[in-house]
Structure formats: C-alpha cells, structure tokens
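Okay, handing you the structure first.
In this document, chain identifiers A, B, C, D, E, F, G and H correspond to the written order of the chains, with residue numbering beginning at 1 in each.
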Amino acid sequence: MEVAKVDHHRTSLQGIPEVILARGKRTEDVARVAMAMYKRSKRFLITKASAEVYEGLGTGEAVFHERSGIIVAGGMGGRKGRVLVVSAGTSDIPVAEEAALTASFLGSRVETLYDVGVAGLHRLLGNREEIGLARCIIVVAGMEGALPSVVGGITDKPVIAVPTSVGYGASLGGFAALLAMLNSCVPGIAVMNIDNGFGAGCLAHKINSMVR
Amino acid sequence: MEVAKVDHHRTSLQGIPEVILARGKRTEDVARVAMAMYKRSKRFLITKASAEVYEGLGTGEAVFHERSGIIVAGGMGGRKGRVLVVSAGTSDIPVAEEAALTASFLGSRVETLYDVGVAGLHRLLGNREEIGLARCIIVVAGMEGALPSVVGGITDKPVIAVPTSVGYGASLGGFAALLAMLNSCVPGIAVMNIDNGFGAGCLAHKINSMVR
Amino acid sequence: MEVAKVDHHRTSLQGIPEVILARGKRTEDVARVAMAMYKRSKRFLITKASAEVYEGLGTGEAVFHERSGIIVAGGMGGRKGRVLVVSAGTSDIPVAEEAALTASFLGSRVETLYDVGVAGLHRLLGNREEIGLARCIIVVAGMEGALPSVVGGITDKPVIAVPTSVGYGASLGGFAALLAMLNSCVPGIAVMNIDNGFGAGCLAHKINSMVR
Amino acid sequence: MEVAKVDHHRTSLQGIPEVILARGKRTEDVARVAMAMYKRSKRFLITKASAEVYEGLGTGEAVFHERSGIIVAGGMGGRKGRVLVVSAGTSDIPVAEEAALTASFLGSRVETLYDVGVAGLHRLLGNREEIGLARCIIVVAGMEGALPSVVGGITDKPVIAVPTSVGYGASLGGFAALLAMLNSCVPGIAVMNIDNGFGAGCLAHKINSMVR
Amino acid sequence: MEVAKVDHHRTSLQGIPEVILARGKRTEDVARVAMAMYKRSKRFLITKASAEVYEGLGTGEAVFHERSGIIVAGGMGGRKGRVLVVSAGTSDIPVAEEAALTASFLGSRVETLYDVGVAGLHRLLGNREEIGLARCIIVVAGMEGALPSVVGGITDKPVIAVPTSVGYGASLGGFAALLAMLNSCVPGIAVMNIDNGFGAGCLAHKINSMVR
Amino acid sequence: MEVAKVDHHRTSLQGIPEVILARGKRTEDVARVAMAMYKRSKRFLITKASAEVYEGLGTGEAVFHERSGIIVAGGMGGRKGRVLVVSAGTSDIPVAEEAALTASFLGSRVETLYDVGVAGLHRLLGNREEIGLARCIIVVAGMEGALPSVVGGITDKPVIAVPTSVGYGASLGGFAALLAMLNSCVPGIAVMNIDNGFGAGCLAHKINSMVR
Amino acid sequence: MEVAKVDHHRTSLQGIPEVILARGKRTEDVARVAMAMYKRSKRFLITKASAEVYEGLGTGEAVFHERSGIIVAGGMGGRKGRVLVVSAGTSDIPVAEEAALTASFLGSRVETLYDVGVAGLHRLLGNREEIGLARCIIVVAGMEGALPSVVGGITDKPVIAVPTSVGYGASLGGFAALLAMLNSCVPGIAVMNIDNGFGAGCLAHKINSMVR
Amino acid sequence: MEVAKVDHHRTSLQGIPEVILARGKRTEDVARVAMAMYKRSKRFLITKASAEVYEGLGTGEAVFHERSGIIVAGGMGGRKGRVLVVSAGTSDIPVAEEAALTASFLGSRVETLYDVGVAGLHRLLGNREEIGLARCIIVVAGMEGALPSVVGGITDKPVIAVPTSVGYGASLGGFAALLAMLNSCVPGIAVMNIDNGFGAGCLAHKINSMVR
C-alpha cells in the first residue's frame, strides 16, 4: 500500500527529516509512518495533529503540545545558533509554538517573544537587544499582519513572516494578514502560507544553519 | 437638465458645502456647477480633477493642485483646531494632499507629516509631540497599510485610515491595505475607501469641529 | 507566561482601558486577565464571549449579555454627551448591542433606535429629532448595507458604519454590506470591520468625548 | 460567412427584435447586420457603440446618443404604458439613458428621474407621485447601490435594479453595487449585470406590456 | 421592545404582506410576530424556518414544508394567472419549492416543472406548451446556472433566474451560477440572490398580477 | 543566450512540435526561434501574435490570421479524423479560430460551426448530424458559458470547453464562463484556461489521433 | 413525483449510464433511483455517498468504498485499454480513487500510481514506463497543483488534471490547485472541477475508448 | 520638502543601502535622491524604472537594464558566496534579471539558469550540479508557478520563490502562481510578492552573507 511507505530518500534530499503532516490523513496511517520513523531514528515530529492521533501512537515517549497540535518524540532542545520567534496576539501563539517546536526539533536554539503586537510598540522596542542576538527572526501575526514590517524595520536579519487565521470578517481567514506581509515596505521579507508555522521553522533552521 | 442643478439643500444637510467630484462627469458639467457655486459663495473644491477641467473653468482664482487632482477656489487655510495628516511613502502623498486640502478648505487647521513609513519607525516616534497636538489624525498608507495601527498604538485621538492604491501584484490595487486597516488590532480606527482622501478630510473636519 | 500579563501601559496610551477580546483565547486566560483588571479597577468588558467564559469568571458582579456575547462588570450607564446606535434589521441587533454596551461602558450616554431598515424609511424619518440630538451616530446594517448612506444624508454629525454578517449567498458573510459602506455617496462615513460593534463603540465614545 | 446572418427566428422567439450589441464585434459586421435590419423593417438599435460604428453605417436616419453609446434608427417614442427610469448620480446617466432608449425603442412610454441619490433623499421623496404613475421602475446606481432598496421601499411596483461601474477602489468596478442590489432587504428586486441598461430596458418593456 | 413590532405600514407599501424571514432571528421573536399576523389576518408565511420554529408556533393550522423550510398558515392555492417554476436538478427543488409556495401564498396560480437540467434538453423542449401558458417563468438552477438562458431562448415571457448553492468546489457556494445568470446572452433576465426563492416568488406574483 | 534555444527534445516529448507563444516575448526572440523552426522543418505556428511580429519574420510563406493573432507557415489543412469547433457568439470567433487553426496545423481535419449561442438553440439542434460526425468537439463561449453543457447533453463524444473573455461587468474577464464550465452538470467536460484556444486545439488533436 | 424518474434517454445520449450523484439528495431518493437502475441492468455507481446512503440500499451486492464515498454494484474491473491514475499526496487518494473506480465501472482497465508528489520527483521519474503504457493519464493533486504539469512534460498522452481541496489557508479550498492547472505551461491539459474525480473518470474512459 | 530627504538611518538599519523604487514617484524626485546617494557613496540601484527616469539622471555612469527596468551605478559584480537565479519561461526573465542584478549590487556572486520550465524537466535535472553549488536559490515563475516546488524537491538549500505576472485569464495577473508557491508541498519555501525580484535579491543576499 503506497500510503505507508516512508520515503527516506525524499526527506534527506530536502534536509527536513522525520516529519509528518497529520491533517487529511487517517490516524492509522499517521501512526504507522511515525512508528517506522521512530524505529529507525528514535524521533519524529507530527504537525496539525489531534488528541486522537496522539492516543493512536504506540510509544510513551511522544509529547503532545495541544495548543499547536504538535506531537514530538526524541531530541528537542536544539542548541545551534539562535532563532527568535515573535508573535503579535495571544491567539497567534499556537502557530508561533508550531514554528518554535519545529526549529527546535531540527536542531536550532529557539527563543520566543510573545504578545508584542503593533498596538503596543513599546514592548517590541524594549526587546531590541533580544532581536539583535538572533540569526533569523520568525514573526507571527494575524489581523492586519503589520508586525513583520515593524520588526523588519529595526533589524538587518532575515525575517520570516507567518500570517495566521486569527481575526474575523474582513480578515478573510488570514488572507488580509497574508496580503499585508506580501506587500511589506521592508524589502526581502520571506512569507509563508496562513498558519504555516512548520514551514517557517524549517526555513529558519536552514538559514540559522548556514553559519557553521 | 438634471445634471447642472446645484443641490444646496442636500449639501447643507450633511455639512459639506460647495464640493464637486469630477471623475466620471463631463468637463462642461463640472465647470457649470463650479461656477454656480462660485457665484453664490466665492468658493468651491473640485476633487479627482484633470488639467482639462481646470482649463475649462471660467475663473482665474482657482488653484490647481496637480499631484492630488484638486482644484480649489476661495478661502483655504482653515484655522480651527488641528488636524494632522500622516503618510507612509512618497507615492502616498497625492492622497494625503487631497485629505489635507479638503480639511483645510472646510475650515480646519492642518499639519502634515509625510514619508514616515513603518519601515522607518524612528521618524514617526521622533514626532510624537506633533501627534499629541492634533485633535484628530488622518493616516494615509498603501502597500501593507500598517501605519494606522502603529499611529493608533501611540495616541488616544481618533485615527482615520486611508488606504491607497500604491503597490503592485498582491496589493490588489489597494485592497491589501484596506483589509489591513479594517483588521487593525487598535480598536476604533475609522476606515475610508481606497484613495478617498476627500472623505477623510470631511470626517476629520467634523471631528475637529466638535470642540467649540 | 506572556499571555496573562496585563499591559496597562498600552491600553492607557490608546484611551480604551480594561477590555478583553475573548475570541481565540483560552477560557482560563480570559478569566485570569479579567480578574486582574477587576482587582485593580473593579471593572472590565469582555467581547465575543461565550457562556463558558462567563461561568469561568470568579465574580458574581459580571453581567452576561448573551445576544451580543458581552460580559461586563462595573460601571455601565455612561452619562457623557449622547451616542445614538441605529440598526437596520432584527438580526443586526447583537452587533448594535455590542456597540451600545461598549460606548456606555466607556462613559457615553447611549440611545438606541432599532429595526429602521431602508425598506421602511418612514420609521427612520419619523425619528429625525432623535438623530438631531446625538453627537455621533453608529449605524449597524447587514445585507445591502444601505442604511448608513441614508442616515448620513439627513444629518451633519459623524456617522460610524458597521456592516454585519447578516445575509446569505451574495452577502458574502457581510462583505457586500462592507463594500457598500466604503462606497457611500455621503462623504466621510467611518467604516468598521464586519460585526465590529466594539470598534464602533470605541470611536463613538472618543468623538463624543471631544466636546468637553 | 456566419457572422452576418441575421437570425430573425431567434429574436422573434424572445420578443426583442432588431437589436445589435456592438462591443467586441468588427465595425463592418455591425454595419452589415444593421443595414439588413433596416432594409427589412426600417429600424434598429445598436448598443455599446462608438462613433466609428456610427460613421460606418450607410444611412443618414440613424441617431447617435454619444453618452450612452446607443445608435437608433426608426420609431423611437414608444407610447405604451409607463416605465420610469430613476438614477442616482450624474455619472450613472449613460446607463440610465441606455435603459430608457431601449424601452422606448421597444414601444414603451418612458419617463426619467435623474440625480436622486440616496444622500439627497428629499428629492426622491418629492417625486412619489411620479413613481406611483409608473407600471415598472428601473433604478440605476453605482457606488453603494442603495437606491433600488429605497425606491423599492416606497412602491409596490416591480423594481429593476442596474448597478453601474461608477466608483473607484472598493467599488470593484461596480461589484459593490451589484452585491448590494442582490442583497436588498426589499423582496423581489430584479437585478441586472453591471452597466446593463439594455437588459433593464428589455425586461421593463416586457413587464409594462403585460397590461393590455 | 423593537423586535416584536409588526410593521404593517411597511409591508403594505411594498405589496408583500404577512411574511417573516426566520433566519438569524430568535425563535420566540418569530413566533410572536407570526401569531400577531395570524390574529389580524388568519395567515402568514415564514421562510428559512427550522422545525424548532414550527414547534414554537401557537397554532395547529400552520403547515411546515420541511424541504424548503417554509411554514405557511392560511390561504394557499392562489388562482390568479399562471406562474411556472422550472428547476434543473433534484437538489434545486427546495429553492424552487420556496418560490412556488411564495407565489401561491401571494395569490398566483403556480405550476412546476422540475428536473429539466440543461444536460437533458429533450425534457425541457418537450414542455414548450407548458412554458407558453405561463405569464412569467421562474428558473431555478445551481452548478453552471445555464437553464435560465436556455428557457429564455425559447420564450418571450419575463424570466426570473434563481441561482442555488447546489454544487461544490468551483461552484463557490452558488456564485458560479449567479455570475452565469447575470451574464446571460438572453436580454432582460431578472436575477435574484443565491437561494432566494422567496424573492423570485414575490416578483413573479407582481408581474403575474399586472394582467387584470 | 538562453532565450533563443529551440528545445526540440521537450516539444517532441509532449507531441506538440514547432509552436511559439508570442505574448510577453520580444519580437526579435520570436522571429529568431520561428526561423530556426522553419529552417529545420519548413513550418511553425505562432499564437497571440501581433502584426509587428508578422512583419519581423524573414519569410514570405507565413500567413497572418489577424482576428485570432495566429501566424502559420507550412502545412495547414490536416486530414486526420474530424474535430468540430463550435462557438457561441460573434465575439468568440477569434478564440474559436485559434483552436481550429491549431488542430489543423497539428494534422486534424477541422470543421467549424459558429454563432450557435444558447439563446438560439434551434441553430444548434439543427446541426446534430454535423456534431455526430466529429470525434471530438471544442466548444467556445464567453458570457454565461452555457454552450458546452448544452452540446455535452446531446453527444457522447469528448467535449473540450474554452471560456472566452467576451462579456463585461460580472463576466469578470471570462471568469464567469470559466466557472460555469467547471461546474457543468454534464460529466467529464475538459476545461481550458480563458481564451486558450491553442490548448483546446492541442488536446482535440491528441484525442482525434487516438483512432488510428 | 419528478425526483424518482430515471432518465434513461439522457444518460445514454451522453454515454455515461447508471450513475447517481448522492450529494444534496435525500437518502430515500438516491436509494429508489439506484434500485431502479439495479433492476434494469444489475449495476449502478453512486458518488459522494455517505454510510447512511449505503445502509439505505436494498441490495447486498453493492460495495461501499468509504474513503472515496463511492458505492458500486455490478461489474467493476473494466478491461479496455489502460487508464493511469496518478496522485500527489496521501490526502489526495480519495479523489484519485473516485476517478479510478469510475473509469473502471465504465469499462476501462485502470492502473494507479499514488503518492508521487512533485517534491519527490524521483518516484515519478522511476515510473516512466508505467506512464508510457497508458492511453490517458488522470493526475490528481491538491496544494500547489503542480503535478499535472510535471507529468504532462514527460508524456504525449492526454492528461486530465483534477485539483483537490487538500491544503489550508491560501489553498482556498482547492482553488490554488485549480488555478495552477488551468495555467499549466504544458499545452492541452484537460482540467476538472475541484475534487471531481468522477468527471475525470468519465472523460478518461471516453478517450480510452476511442481506440477500437 | 519631505520627498527628497535621503533616510540613511533607515536603510542602514535594514542592511539594504542605496536603493530607490521608481514606480509611483515623480522623475525629478527619483533623480534627486539618486544623485544624493551617488554623491555620498558613488553607487545606487533604481528599480521599476523607465527610460524617462534614466534620461533624467545627471550621471553618465549609470547603466539602464531595459528589460528589467533596473538602473544601476557603481560596483556591480559581487563576489561573495553564490546565489543561483532560476527562471521558468522566457517572459519571466525580466523579473529574474531584477533579482540577479539586486543580489549582485548588494555584493553576492550570482549565477543564472533561465528557461528551465516544469514542462522541460530534463533541462533542470541536467543542471543539478549547478544547483548544488549555490548557497541559496531564487526561483522565478509565472503561469502555474510550479518550478519552486520542483527545485525545492531536489535541494536542501533555502529556496526563494518569486511569482510573476506572466500568463493570462485564470492566471489573475500572477495570483495563480503566487497561491501555488504559498501552497508548495516542499516545506519552508520563502515567497515574495508578484514580480518582486528586488525583494528576492535582498533576501538571497542576506542569506548568502550568513556564511562568513
């Protein structure tokens, strides 16, 4: 059956090993692939997972981060370089956590700075030193999605922007924030899909790893 | 002929007298209405006007502000209170100017603060005192439309946000900025249509006029 | 933990104190922040709240307005000036109520005029005197969103338009009403996000407070 | 050659004879078809036509209505019943004229009431008698497209709503007005495509003709 | 309390009496208004109603049409003229039924012709005589929304097109059908909002009633 | 220089040789590639070409089909099987011609049936025999895009639908027709991009060639 | 009652017999039509069906393919020619299965090649021989929808592209994949509606059947 | 006058010095700012510039790259690391060139690989070695925007995707390609706004510069 094959060749080509996206897959398929990974390397990361997936796993070593829907087994706590994850509002934290856990799982040292929305600029500006220490900064924001532009305006580090689906009405499920980030007046901001904290964690780790 | 009738009753009801929107109207119609206003009150304001409209007017007293497409005759330089017009990028100035000229024509004292985009936050923060002096602040921005949120975060005055069509690709002709402003995390920002500097000037003057 | 910090500095900067948006936040986080506010100032307002949030609070002094999802504790019944909240259809009342409760909580005297849709113009026109007494008018409407234009045409007061998600099919979740309000032929109408009664209440109170 | 065939069978089936839509067709094709009609019945109506099309015709009996892009030959001035065409702003008149000329060409008596926008309600209400005399009312409006709801609220006659592309920014080329009309709170308003005055004229004439 | 007021003046102005839209309203409010109508005139029509609304009514004389969500009390079976309701697919029948019940409630004689989709043209063409007998034809279709054009091509009667939300993917909740109907190559088709069978029934009855 | 390389390997892989899309390319680049093809095989097809491109070519053997923007050199008049191209309105002919010329250039025998819109069904039904002779039918239509469904309903042959940008307002540049075709109630209709007559010609030829 | 009529004439015209789309229909209606088909020809195919529909059937010979929502009775395992169904990700398999079961039911021999996403190109390229054996290839993909272009680039067979609703955020419910497929740089790819595996199976079988 | 101020502080903060976006600015303003930069540092880069801007400059040392609208003065030919710019079709080259010139101006060594569209995969795969040598890869593509996924599938380097407005109809001015890139199944691709080669060049240089 095609589904359960673990394609080791592919993941090693792209430098992102042992990761499964649970959304849209059957619980049994996710569990089987995860356990195959675990057998081989004692570690895996599952994104967009539910409690049901967690319960379907055959190992007690996995940890379920409920808020972000991340299940992780083996070796968190990366120590390489420094990735900073900044988020705007309380409701953006699940996506920020997905980004942080991903980068950490891949091997990066990760720091977080939550709840520094554009409306409370003093909190962001009070953390300039923290921003200066990072090699790469992930900025997570919903609603008007303005935070990446503001962060990008006070640093020369690569900025990765993640729009979230936080908001209502004209936020169009995160599209307003996505468009804002794509149109940032700060040149060179890297934009991810809505709620794609995982992608941001992957890119941040790649960039962070360039410094040997 | 319906077109040329000047509807004095309507405009006085709404408190916005002697104004003509030129776009979509024939030059001769605009000119006729303008001259009727001029005859009655020695003043008029024409928005979204071209040089052709300006040349079609029968008075040498009108001034044509080419960048913003405003033609004005009689009584600029309002002295009432203080409206501040802030704009993000150089390309947003025409819309900012439309807002400023409108509020001034209606009777408000207007100050401007141009080119203070989100990417250069230090310029905005360096003008906090100026912001504090205003009764009402118009913020004009295209691209990601983040500036109203930032301004709204450092003042308790009413903020009027005007998205502009400045940008390309995913700016969707100003829609990205419009959506951002509607989703601002700062509560109570008043949003206008794309490029509607005139509307912002009207509202600002109304608010500014409340303090007697 | 970032989430529970009450950022007094921010809210006082913007002039909108002691308010929490419940949507997208965990019940325990909302409750903790609310109680911290209550401790400090004996009052708070929670918007977009569910019965679950209400039950999670540790005070018997809060009142739950179910229809609009507002929980309020301390000091309603503002007495300052006069804000009028007008709404079009029965289904628009929850958003109108959110606006009215917000402005009242912030200190404004609030009057309401419900169910005066465009199709029944005589009811609106029969209340012209009421409209004339207000310093600022909030107009709430779904479907075609025409009411703010009609109200704006018979008053020179600032009008704040709130589109609602009432409607179906081509109402696009309130987008039709939002677009209509942004394109109003009455100059200077302040537009809010869809269903954002809270924002309208904030702006109305700011404007109402300008007259000392 | 397919293009030049005059399909008499089709047009008589639908009850709309001798009409050509010029847009998107070559001038020579339009002229040939028009002259074939003229030969047969001494009359034709061409919509969305340019001056170039007018000059390409081989008859001096056609009249070119430049503002609405209508060319008409033979028998205007219908006398049957009464169709009223109401329009909101000056810029909406070309589409209103297209509707009026179409209904008149088909045989209806047509009256017009222009420039009665929602912002100036007193003008509309002052013409209630005129509205009462019509069998069917065409309402043409751009921008927020609110006029059909207002007219529909004061009459029990069939109302045909035509959105126009008048507006800018969030008017989305007339889509805002179109959506508003589709969502009217007045039941049973017939909506046409943006700028489709011709279609409105056809339907109005059909309805007007039902009373024998 | 505003909600429960029965606005008799409004409904009589528009010629559509005794109708309530249940969607978005509280069950108790709907019931109260319905019973007030029933008391006055022994009849009412409720649209978009659920079984819960039906159970909340205080009369045993109302009939609940579950498929279309219509509750009706008093006087169905109109006898005036002839309105034909045509629908495309089986899934479109609820909306067709809403249109048919509405026109019948208002007083029109109604015939129906269901399941005559464009893909089975022979069924439609086999009913040409039926189409010829009607004074006005309502055409209900989802998916590609082509049926109104086809019907409109074989009759000279007024055609009212109702798009439905039947379909998936690129049907965009009925928007594809709506756009198709607005762009019909048959001139003068009257278009309603998505799933708005009620509106179609109202307009059809108005047109049908013109022949005395 | 990359641009001028003729990638013979690619085109033979896909079975569509010697074709150039002119749009978005510089005239000199198009000409150089065309002449290289001509040298090798004495034939080429250029789509979406302007007169300027035609004049820039170094051969007198190419023919310019102005209406469809096709330049063709060598071997038209395919004789294999039978592809039928049906189009709805006069304005759709350029795209239909692009499809017909492409299939013919590739080797298919092509017949055309133009101006058989849905509103004139009798013309289409009168050509059933012609439809029966084809192996594959291309149907080109703008506006409501209903024709492919109607044709698909009377044949069991593969139908290829091409929406055109013919229309205005709510046609959204052909998007209305595209959506209609994607939602056809006839199963298995192959849909192309808006105005993509070339793609339709390619697919039709591939299908037509399956019968040896 | 219209609903239950089995329209044999229509289905035989289009060459797709004995198929029912369950979505949007009442269980009892689906069952009745299915049993009528079964009585006549001992076979039927139901698409987009739920377990409830399956249980409502009066035959034990039907098989329910839960993942794809297909119920099939009688004669699977077509033997004609060869159709290849390729899919990108695990979550796309339900739609791929719908396509495969449909083509098989209609009589085609079907092979499948699942989980060969663009990110793992080596798997696709390793199956070139398999691709070469097919007469027609169905390619099913969600997210960025790139697979049809890649497959189309390495074969000269007709390619049928089916976008799926797999994805989140900016995938817009499958619209991103749909747009990508419509814009493929490979000429002549046949595009289906989102999740329309059934349509793809029908078209593939028609094309596959052309070779006698 | 605000416009002409050169904000050295801002640009140095973000690490992108001496760059001007010409679009939407007056020629004289662009020239003045450029010459101020030239005076200070003997270099500048102007993007989205026309020939008119080039002629308005007061230096003979600037070079105008017409295809990409780039004007550059001083110090091209960066030597640091290696950035690879890959593009899909001939029409995408202007945007690719904008990216390449930007990264080179900032100091990176840049290689290019043009015309390797998804439909001609062999060309891309034949350049794997070239891809392996880069530290960071910019991938530029219009139409279906599939190339970044394919490139991302064969490398573990950071990939920066730039959608272009190349295409027509359902390409929606580049939106189709943008959506495809945001939904890539390869994790961590950095997406830019449509046609934003400049942003890609900036980000690529930042990433390339991380390796000291």
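We take it that contacts are C-beta pairs under 8 Å (C-beta built on N, C-alpha and C of every residue); 3 or more make two chains touch, one makes a residue touch a chain.
The model shown is predicted, which means the values in this text are computed figures rather than measured ones.
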For chain D and chain H, the contact-path distance works out to 2
Shared touch partners for chain C + chain D come out as B, E
Rounded to the nearest Å, the gap between Cα centres of chain B and chain F is 50
In whole angstrom, the CA-centroid distance of chain G from chain H equals 41
Averaging C-alpha coordinates per chain, one finds the centres of chain A and chain H separated by a number of Å equal to 26
Among chain D residues, those touching two or more other chains are 10, 14, 89, 119-120, 152-154, 169-171, 175, 178, 182-183, 186, 193
Per the touch criterion, the pairs are A-B, A-C, A-G, A-H, B-C, B-D, B-H, C-D, C-E, D-E, D-F, E-F, E-G, F-G, F-H, G-H
Chain D partner, complex, touching residues on chain E are 10, 13-16, 19, 135, 152-158, 160, 178, 182-183, 186-193, 198-203, 206-207, 210-212
So, in the complex, the side of chain G touching chain H is made of residues 88-89, 117-121, 143-146, 149-150, 152-154, 167, 169-172, 175-177, 179-186
So, in the complex, the side of chain G touching chain E is made of residues 2-3, 5, 7, 9-10, 14, 23-25, 29, 163, 165, 173-175, 178, 193-196
The residues of chain E that touch chain G in their complex are 89-91, 93, 114-115, 119-120, 122-123, 166, 168-171
